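Chain nomenclature is as follows: A, B, C and D, assigned in order of appearance, with residue numbering initiated at 1 for each chain independently.
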Amino acid sequence: MTTFGQLFVPAPFLEAVSDGAWVQAMLDAEAALARAEADAGVIPAEAATAIVEKGRAELFDASALAEEGRAAANPAEPLVRALRKEVGGEAADSVHYGATSQDIVDTAAMLVSRRSLELVLAELNRAAAAVAALAETHRSTPMAGRTLLQQAVPTTFGLKAAGWLVSILEAREGLERIRDERLAVQLGGAAGTLSALGERGPEVLRLFARELVLAEPVVPWHTDRTRIAQLGGALATAAGLLVKIGLDVILLAQTEVSEVREAAGGASSTMPHKQNPVASLRARACARPVDGHASVLSAALEQEHERAAGAWQAEGPALSEALAYTGGAAAAIAEAAEGLEVDAERMRANLELTQGAVLSERVVFALADQLGRDKAAAIVGDALARSAQSGRDLGEELAADPEAGLDGVDLASLLDPATYLGSAEIFVDRALERFRESG
Amino acid sequence: MTTFGQLFVPAPFLEAVSDGAWVQAMLDAEAALARAEADAGVIPAEAATAIVEKGRAELFDASALAEEGRAAANPAEPLVRALRKEVGGEAADSVHYGATSQDIVDTAAMLVSRRSLELVLAELNRAAAAVAALAETHRSTPMAGRTLLQQAVPTTFGLKAAGWLVSILEAREGLERIRDERLAVQLGGAAGTLSALGERGPEVLRLFARELVLAEPVVPWHTDRTRIAQLGGALATAAGLLVKIGLDVILLAQTEVSEVREAAGGASSTMPHKQNPVASLRARACARPVDGHASVLSAALEQEHERAAGAWQAEGPALSEALAYTGGAAAAIAEAAEGLEVDAERMRANLELTQGAVLSERVVFALADQLGRDKAAAIVGDALARSAQSGRDLGEELAADPEAGLDGVDLASLLDPATYLGSAEIFVDRALERFRESG
Amino acid sequence: MTTFGQLFVPAPFLEAVSDGAWVQAMLDAEAALARAEADAGVIPAEAATAIVEKGRAELFDASALAEEGRAAANPAEPLVRALRKEVGGEAADSVHYGATSQDIVDTAAMLVSRRSLELVLAELNRAAAAVAALAETHRSTPMAGRTLLQQAVPTTFGLKAAGWLVSILEAREGLERIRDERLAVQLGGAAGTLSALGERGPEVLRLFARELVLAEPVVPWHTDRTRIAQLGGALATAAGLLVKIGLDVILLAQTEVSEVREAAGGASSTMPHKQNPVASLRARACARPVDGHASVLSAALEQEHERAAGAWQAEGPALSEALAYTGGAAAAIAEAAEGLEVDAERMRANLELTQGAVLSERVVFALADQLGRDKAAAIVGDALARSAQSGRDLGEELAADPEAGLDGVDLASLLDPATYLGSAEIFVDRALERFRESG
Amino acid sequence: MTTFGQLFVPAPFLEAVSDGAWVQAMLDAEAALARAEADAGVIPAEAATAIVEKGRAELFDASALAEEGRAAANPAEPLVRALRKEVGGEAADSVHYGATSQDIVDTAAMLVSRRSLELVLAELNRAAAAVAALAETHRSTPMAGRTLLQQAVPTTFGLKAAGWLVSILEAREGLERIRDERLAVQLGGAAGTLSALGERGPEVLRLFARELVLAEPVVPWHTDRTRIAQLGGALATAAGLLVKIGLDVILLAQTEVSEVREAAGGASSTMPHKQNPVASLRARACARPVDGHASVLSAALEQEHERAAGAWQAEGPALSEALAYTGGAAAAIAEAAEGLEVDAERMRANLELTQGAVLSERVVFALADQLGRDKAAAIVGDALARSAQSGRDLGEELAADPEAGLDGVDLASLLDPATYLGSAEIFVDRALERFRESG
């Protein structure tokens, strides 16, 4: 991603997947490998010390690495050569001992992912907290529930926010599981047998994983890309959930709806009245590429033999962008939610727009007790048709219909949306409880 | 999917996602809802009995449902009407009480998914067992490890199979987790508040989940499609892993490689010599659409308000095909693996093709002890260049080079691929152990 | 696609890509090949006659073909065997002479595509005509132009419809170009050399193309899948354009906007007031899978050597569904547009919602002549802020500001949206002209 | 894309879509707009001159633009402010007169695309020339035609290259058509009516297009994204075709096949014998993301009303990367093809591997004249089975079978692959002719 990536993605996310971050992660992998091999008696301890010392990204030039790496189509190959030069002397022969470029790139990918996931999770936490506060505050704020973008029956804004909350918790859980269970070192040597390490292969693998606090795989995973594909999938799911929230905000912020607005709504210089839901828009713009990149990662599962010719190499950029854009989406939704201005009065006013029709389900059920479902539906349907013509509300039209059998029916309270919220508030409580439990 | 789907997908998978299976699953959802509501005192027990009795797919005509369902763009709406007609009398009013079409379609999707997942998992188990047997049998069978489709260093066919095995176990685990944790009933009523059930909403929800042995969600998930997207992702990952195995088989079965062949290799009528790896090919053909469908499911996370206008409706067909095609891929790989004929002699012969070059890594490491890494690499490089010209093997060329410093070096055993397998056999054991533990 | 496909896709589209349609298309290809070969003197004329006679789909059982075709993973292989049996005698040896299964499947794909494209184009024409009528009728009907879903400046509904119209014409042109230029016979024999036809290969190829009125390719295109990928791309573009129209309709039909409604709006049994924009919804549901399938077709460009092991076989189902779903989207938009009820009064009323703010751009430009752009924008911005507080409209607030310099400014006409339509009507005329020219 | 993008994509392609290139393209759009408006009498000529003078990217800081652009989620909005500041004085009010940010970004996208397409086309031309030379040189070089990766019948390397050539010509044509017909200016003002330009809108539009030598659209295309989606599709098709060539090279370069090798094959430091087909690998790595990005562009067809909230903003980065990566793929294939070393002897040797079986189709046809197709196939099938057991070749086994009816059959010439090439050479000539005609 370029500098213009900042239009959508905050700088820390771009930094976490930058070339510099990758170089440092590759150096961290080399350093950890050296330490592990020293501990296992494969290379001298002093060599490891020298390698660790030179493992600082600022000593290397990403641009030169990129140019030299073209011949191998990976950045680790030139980095190893450069690191050997930096280390110098006999110790140079201990650099990258028994490893292959893919070991370093794959392990670095895990480190880059871990660092990025921490940032993404922090934003999800922010978003969750903000959304939970909205759910709590608006637990009982009536608004129109809309299906197929038509007003259906009342709900509460709290329940809408509770739905957002649960989805964020689910996305978070999915990413945490990847972080905790699926990030693992890769070490296989030239073709996955750790041939050059002789009998000490498994021991080095174990120590390497311990050094980096990453999982130790059962077998090298150089051509089993499940971990990467699952990470891509979890990111796409997270981004998708976030964009649903953004879409709801955008729809609620429409001029004709005006039930919410983003505090920091972007203004337009020639149209100073506009209050654009820019954060939500940014979330949507961010989520789109994540899907595309997750596709690339999923397609990359198909790898030839012991190292793929193309599919593997395509993963790095796709993974970087998927991580950064998911972060951008999370940050945008956190921002939108934290500053969301909710207009409860307008929600109420919009519920009046249908002149009672938004409560027709309730009326049908109420009349059905006496008249049976079909007749009740017919009578309400007729009343709605008349209401649309006359401009009178549903209650008036029903009252005027002798067949409606309204004896003993309290039409006024039947047509009060605030008393037809079903289990909305209970569901809000359940969501908040889950949020609190989830830590 | 049509009848021609059977070209790639065995009939049981097609059956499990057929229109008939969906109708039955929707009826199962209606029956369970009726029972739950009777238990909760919402509808009469006799009504529930009548509904359960009529809940048999053969009483309904999928084609008529499809035609009538166009007006609502979902199959549950006409099914509810038809079911009411079948049930008749007062009990008809108890059908689908307080539910919305989406509740039924979504819950049915979970039932269809559970049934399909069982079939997929059974095929994965078959594949895992077959692949484990290959790993065990060929634990120490040397073959060329190939990176970028070039022979790199020796490995064993057992280790290749062990890699396949671990990936199958991972895919299985991913699908099992979805099945066990993420399949849940959906019940929200018109807009997610269970408005028509008054105070008994949560109780009905709990009983509904119990009836179907599905999870009870914290809040209705009508517009939180994480569950579906995660299922799509897990299917895509599974299909992708299977296709990696299929690709390896296809590559190993090439005329020029001939290290394996499928027992049931498809023959050609005009070219009777061909032994096409048809099962592996079918696995690949199956995996492709899964990715496309998973994309549709991931994009469907973006849903408007309390019911999406299009994104929700697009999920059903995509989910059905993703399930069936993943099943097709799993069945194909199980078939390929169970009947795989492995030619260990040809593997050995192919290792000879490079005249020792496939062991150049080993030789470099061996010479490096005395000469240092750079000089060792240079000497071996020169010898390889001469070998390519002369037709003599690497050993002869090295022996002819006085600078190679071969004193005390046992070239013959150095150039024996069977003794340069690194940790291959240990990794095989680790994979088999994990397989046994995983049950 | 199954029977339930009819929920979204009209039956003729499903029929055009059904197994039966494919069988007939394959038989048409065999018949044309036989005729071409008879004309070229490769097979006896009587044999060709026999083959043509038996080339009727009803003589063959799709289900049996599917089952027998598993071993070859394609439907042509068993069909050829069955056709030979039907033809019988010596003529049987002339069936499929010198061809390979892929020749038949690929040529059939072109025939299926041509038939389906005719249906799609007919629906696009219907849609274009309906949309053109809307553009004409509402050439000057003012409505809010909305950017980022916020009212921005006035436009006309005619211009919105004109934009839809141009996009339909573009989609149509893209599909027509494919139909006219890119549908070609495939004939290459076992590996693309037409080896079995000796010197008569090119002649047979030419006659084969003439028989089917398809293009003759420069070389066999068995592994050059550009034609298919381009068709997939053109379908995805068409579906995408249609869904933009559907989305606009859905947004305009929202309860709070109510500027249009679909005549055949789907009703809900428990919520009789709802007027769901079901046709537009169906268009969106149809467009989603087209993108997924186009992806499969694009990924299938990567084919191994002279016939791909998996990628080729995956094309057929993806192509069928892409064709049918695009047809479904086109039919849905034609239906939505033909019956679209436009509420010009409501459009006008919605333009009043912002109390003049929707004309702030115009006011800024008007004041800028005297005050300069920055000062004008500041004054209007302040007035808008006051208006939001006071409930007075923009005109009143400006009139109350002595710095606004309104001398000689006719505020009333400045704030009349009907006179701030820019080139909207001219653009409508241009679009209609292009429509008429396009035939 | 980052610096590491150079691992796969040559610097000029990265440069052509860099932030700097976008800034310059936006400035070019502003300058052209100013000139057009001056010519139309909308703004003073001196203002236009001042704007043109300041339209140099080096005057602006991409990083600052990105940061300031976050509030509007697009880069044109801050650029316009910065340009106004640079221009200063009264002329500042003439900057961007009557335009909206999207007009500038969309027009800039067309300029960036045109410049990038020129680079892509140049590489395609290089690749076409190199591939044409291969086709010509190896017009009659026999090699195995391989279907499903099994040797099927002989073909020539020239025909394989001819197939590559035709696909490149098709891809080129697709991109040229986009460049020539579909790149158009966008100018609509705030919501597509050119409201602020009064009656001079169409005139300014016409002059704007003339200034930039881009097409003039019938109506503003701000929410009709066909052009972008079609460009994405054409890029994906081009990249896909290129990757088919790369895949063939990689497969032919396998150690066990060794029929070609890349001159600049990447070496491995620890495995000096490897000759990795790195250019082809790079082409594959490049093609993968293009598909993902084209998907994003296709999904972006669904835009809300007069400016989309997210879909539009997501296009820029996707388009940039699709252009650059397609360029990377084209450059890689040009490199691979120009330096391809073809081993005709090895091709011939590989044809011998099957001991005559690769000619079994020919033998079946030859015997069928006397014996009928079925009996001929059975006899050849038996002979092949015996050959596989005995190690004798097909000819010997047939000669030993008295039922084979070989009287008058010249087995030796029947089993010579060089005489069973069908129309391969004619097809090569046709492809070369088309190449020459295409200029």
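Brief remarks follow.
Assume a residue touches a chain if its C-beta (ideal position, glycine included) is under 8 Å from a C-beta of that chain, and two chains touch if they have at least 3 such contacts.
No experiment lies behind these values; they were computed from the predicted model shown.
Listed here as common contacts of subunit C and subunit D: A, B.
Ranking B-C and A-B by contacting C-beta pairs places A-B first. Subunit C has its Cα centroid 32 Å from the Cα centroid of subunit B.
Each chain gets one centre point, the mean of its Cα atoms, and the points for subunit A and subunit B are 24 Å apart. Residues of subunit C found to touch two or more other chains are 100, 146-149, 152-153, 190, 196, 243, 250-251, 268-271, 276-278, 281, 284, 287, 291, 295, 299, 309, 361, 365.
Those residues of subunit A that touch subunit D in the shared complex are 1-8, 18-19, 22, 62-63, 65-67, 69-75, 77, 81, 100, 190, 196, 243, 246, 250, 264, 266-271, 276-278, 280-289, 291-293, 295-296, 299-300, 309-311, 313-314, 316-318, 320. Against subunit A, in their complex, subunit C makes its touches with residues 144, 146-153, 250-251, 253-257, 268-278, 281, 295, 299, 350, 353-354, 357-358, 360-361, 364-365, 377, 380-381, 384. Those residues of subunit B that touch subunit A in the complex are listed here as 90, 92-93, 100, 145-149, 152-156, 159-160, 162-163, 166-167, 170-171, 174, 189-199, 201-202, 217-221, 223-226, 229-230, 233-234, 236-237, 240-241, 243-244, 247-248, 251, 284, 287, 291, 294-295, 298-299, 301-309, 361-362, 365, 368, 372-373, 420-424, 426-427, 430-431, 434.
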